[in-house]
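Letters A, B, C and D mark the chains as written, and numbering starts fresh at 1 in each.
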Amino acid sequence: MTEHTTANGAGTRADNWGRWGDGDERGAANLLTPEAVRTAAGTVREGRVLSLSLPIRGATSSRAPQTVPHLPGRPLPQHFMSVDGADYCAGARRMHGEIGVADDALILSHHGTTTHIDALSHMWRGDTLYNGHPANRVRSYGATRCGIEKAGPIVARGVLFDVAGHLGVPHLDESVRIGADLLRATAQAQDIEMRPGDVAVVRTGWPTVYDTDRARYQAGQPGLTHDGGLWLARHDITAVACDNAGIGALAMDGTFDAGPDEDLHLLLLWKFGIYLVEMVWLEELAATGRHDFLFLAAPLAVEGGTGSAVNPVAVL
Amino acid sequence: MTEHTTANGAGTRADNWGRWGDGDERGAANLLTPEAVRTAAGTVREGRVLSLSLPIRGATSSRAPQTVPHLPGRPLPQHFMSVDGADYCAGARRMHGEIGVADDALILSHHGTTTHIDALSHMWRGDTLYNGHPANRVRSYGATRCGIEKAGPIVARGVLFDVAGHLGVPHLDESVRIGADLLRATAQAQDIEMRPGDVAVVRTGWPTVYDTDRARYQAGQPGLTHDGGLWLARHDITAVACDNAGIGALAMDGTFDAGPDEDLHLLLLWKFGIYLVEMVWLEELAATGRHDFLFLAAPLAVEGGTGSAVNPVAVL
Amino acid sequence: MTEHTTANGAGTRADNWGRWGDGDERGAANLLTPEAVRTAAGTVREGRVLSLSLPIRGATSSRAPQTVPHLPGRPLPQHFMSVDGADYCAGARRMHGEIGVADDALILSHHGTTTHIDALSHMWRGDTLYNGHPANRVRSYGATRCGIEKAGPIVARGVLFDVAGHLGVPHLDESVRIGADLLRATAQAQDIEMRPGDVAVVRTGWPTVYDTDRARYQAGQPGLTHDGGLWLARHDITAVACDNAGIGALAMDGTFDAGPDEDLHLLLLWKFGIYLVEMVWLEELAATGRHDFLFLAAPLAVEGGTGSAVNPVAVL
Amino acid sequence: MTEHTTANGAGTRADNWGRWGDGDERGAANLLTPEAVRTAAGTVREGRVLSLSLPIRGATSSRAPQTVPHLPGRPLPQHFMSVDGADYCAGARRMHGEIGVADDALILSHHGTTTHIDALSHMWRGDTLYNGHPANRVRSYGATRCGIEKAGPIVARGVLFDVAGHLGVPHLDESVRIGADLLRATAQAQDIEMRPGDVAVVRTGWPTVYDTDRARYQAGQPGLTHDGGLWLARHDITAVACDNAGIGALAMDGTFDAGPDEDLHLLLLWKFGIYLVEMVWLEELAATGRHDFLFLAAPLAVEGGTGSAVNPVAVL
């Protein structure tokens, strides 16, 4: 399958992974040429920094984790303090009699619960991962092929397809499917010119629905079609970031509504090795009116991880 | 205490935290002016991207987590797959009969176990956090003052003080203390010019000791002195990043060897609101010979967290 | 408050906790006299063993955890394999080339999610725990007073108040409140004679509702009234076990419907030091027609725990 | 393999597992006949209750978990409070203005870290579990064959082989191997008469070594030989409980020192379906001088678990 080649050339992904990892998995490297990185840095014109992340709300003595958009049936983040300021109020001994320390722990199943990036080991068809790596190397103790630590940080030019803005609505309805035509029209209206290595950022506005109607958020969701995904992939992009929960659309029963031949994860992750950044928050970014910027997303270097929670950044 | 003001001016930290958080904690905002962000972006001359993170090696059926530098007595990362490629080999049903999915979970206590950034709620003296916030707001369900979500992403100019390189050794010995004089000499030798808002990156080379002598790594460590920290702080920096485990030095019994008046965490985090990025990996960066670059560290937006694991990035 | 004495005499709780714990907390010892233990053992007439536990269904790649009765808004059990048989199918190396091993991990927040026992540190009024222990000793690193490890195993005579059976219904409606009169009538009809040290097991049948109507299960629940709880406490019992989620009733909004003066937890746990075993499964036990038996519940010895998941046993 | 039959007859294991589990796995049922349960209850002569559990010391802001005997390289217990008494000291709002609640969470990898029971899915040879169940049913989402929930509670007669006591030492040396001859001699000296269905409890005294020499505890350990295990199995027992970490002995490098043909787990768990209770604490029990008693161990009903932490009880 010809798509199973590196989309963006040789790349200069972080060399030092070879120091810690097995270092022999060049096929998964999917990052930019030095020239593209320089172009990305050149998009910084204002010096403004925006986070594109939902909050991770994990305190567990309340329903707080449920107040953040998420898919149902997933373990929500848990956040615990192992020592905190309250303990000192209650009489705990301070270091040197004066110093207070707070320490904590985080439990995270990132898919469907928070802003995250999918590794190439997250989804596949048949018995092989992206680029022909055997899927049986994805085991209980981690993915020794295509783990998220192989991605390295994404430092690229971001382009915002503000589809909701283009259609003049606060958010797309759950029935809306974003195909190539709609992307093309949005690009034209918003003066978006794509370049190899870009991160395509697609705004549906869907997370704003969560505030007013949680059940609606968790039923159907608007999203890209196979045709729309293919159009993006043909532009030789590094990643797709979207503010819905799964890049593709969700049917009204909360499941992905495409079969294997139409599935966006298979198309982008598996065929093209294009990383997916899901559940991003784009409202402030859209409000700036900017459509190109420096996009940064540095997944935690979890060896063998199927992805990582991430705090993506736009520098305008 | 005059240090309890924002070090770097008004800042343009990610506005959208106000959307999710309480939004009234401007005092903790410690990020750069637009001009400084533009300057930082301007340091990208080659287009090369380097991760400054240790791996997170969390598979738990083996001693793998112990092969990564860490302080003793801390819970090491745990990484679990809830479904993986091996399950399909064993007969698990695939989606649509063809699609495989891998999903995982991560348990992380980041202090002392992996590359991370400390929140301003991590350490304090007496009853108040940085900028006078009450320490009793740091409770079991998280820090409602100075949590890591208040930091927002750090996008700044990085400057590398390669102290080990300056002294011509692969790593400093555990007895070495890095004071203002040594920093000044390193800066001069390496042609480092500091600017307000910079991230000072200090290389001791200490993590390389772990490969050959784990016990030695976990006993004493080289690090900054109070005098060295103060010299950095006086340059109005945003953060200090160091490849040792605690910015300051560790005595031979593995404890911080400074009392409250000399403690680096109190000096930098608490007095100046300067973020600390600990346990970074600097070997490839040092090998480049570059001493200024775009430094990025975007902590996970864990509400009330005392810090976050992070994959810091240098763009050269 | 006179209730703040040991309910059942000197007790012979497991001596060896003193080996590991601080050993000076005799006030919390609440177990039986040797005579009562012998009486309990004497109730074994058939030699039949029944578990009174709900399953812990924690696999996390599906909605399985949601298929077990639980209160909403609580983190459900998570269960992970760190190595398993599927990994060997996929090619993992076996020990000695032949031996397979499976290993796992469990994450559990037991209150409201599974069959468990509450420690005396779980709930209190004002600033003191049961028996006057200071509540400020219950800190982020555990309860150094009244932790679940102080309970030791409960080995007692169990008596079943099959209230649903007495009323001839498969389960009580959510509006039913079990007061002293109803308990007394049930005892008379079912020939129950209480003795000091007994565990009072109360059946509402409510968990059977979960199969057919999850939302109904999680709204209101039938349960004991203050008056009913007091009647049990006056019989000098060791524990109350009930198949609802909180011993007391839940109002239709899912909250406990009693104020502090009527709250069952405060009455039983805090005033009398009577342990509470919640979310037990009583359907098979009720079907036997037996109303006295040997009751066993041995909480995990979690130092400083607010309770423990438990697999209670009836030996008939 | 003839050993692959149920050791103790038809059994009366907890019927209600069929309610929740798949109910078709009768081959794994390994519990006692009603007569044997009655005999077990008949051993209660004094009415004294002893826990045989090590503490679970999981607070994670200190090295507390390391103070309890455990094997190296395993994730130690983690215990977190999600709300506690200290939070109220610090100003947290109480329920109804008066009521305090403490809640917690536990993370547990029980093998090698605390007192626990092994499921029949924990270890096997080749491709089949005990009784011919396919090992490929042990997957990332749990063991659908031979999970610990299939065991049900163990309620049996316990017999104590106090080997250390028999040899007149506080603990066996790490080089001691307990074979059939030594068991036979101990039984004779301690007047132990075995019966079908018994739990054989074997005391080495090894955990007491941990207090004075942690490294020694974690290197070699005394334990049963294949010959000793076979002798026990021939008595048609339900379980073996031992105070060492793995029933069999550990060589001085901390690994099991037997190959597949001699391995105690394979012999007992896999060939005979005899449950293993490991890391029990027997010091107080040994001091009583009693050698028969009612033994209780009720594993948490973790569906698909490879075992469960447990608080075993001896009722004398």
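Following the convention adopted for this analysis, a contact is a pair of C-beta atoms (placed from the backbone, for glycine too) under 8 Å apart; a residue touches a chain by one contact, two chains touch by 3 or more.
What you see is a predicted model, and the numbers here were worked out from it, not measured in a lab.
Asker: Decide which interface, A-C or B-C, involves more C-beta pairs in contact, and give its chain pair.
Answerer: Pair with more contacting C-beta pairs, B-C versus A-C: A-C.
Asker: Between copies subunit B and subunit D, are the contact residues mostly the same numbers or mostly different, with half as the line?
Answerer: Comparing the two copies, subunit B and subunit D contact each other through largely the same residue numbers, since over half are shared.
Asker: Please compute the C-alpha centroid of subunit C, do the same for subunit D, then give the distance between them in whole Å.
Answerer: Here the centre of subunit D sits 22 Å away from the centre of subunit C.
Asker: Centroid from C-alpha atoms only, then distance subunit A to subunit C, rounded to Å. What do you get?
Answerer: 42
Asker: For subunit B, write out the residues touching at least two other chains, lowest number first.
Answerer: Each of 59-62, 75, 78, 80-87, 89-90, 92, 103, 105, 107, 109, 136-137, 139-141 in subunit B touches at least two other chains.
Asker: For the complex, give me every residue of subunit C touching subunit A.
Answerer: Its residues touching subunit A are 60, 62-63, 66, 72-73, 75-76, 78, 81-84, 86-87, 89-92, 107, 109, 136-137, 139-141.
Asker: In the complex of these two chains, what residues of subunit B are touching subunit A?
Answerer: Against subunit A, subunit B makes touches at 12-17, 19-21, 31-38, 41-42, 44-51, 53-62, 64, 68, 75, 77, 79-82, 84-86, 88-89, 96, 98-111, 115, 121-127, 129, 134-143, 149, 152-153, 155, 259-260, 263, 266, 281, 283-284, 294, 296-307, 309-313, 315.
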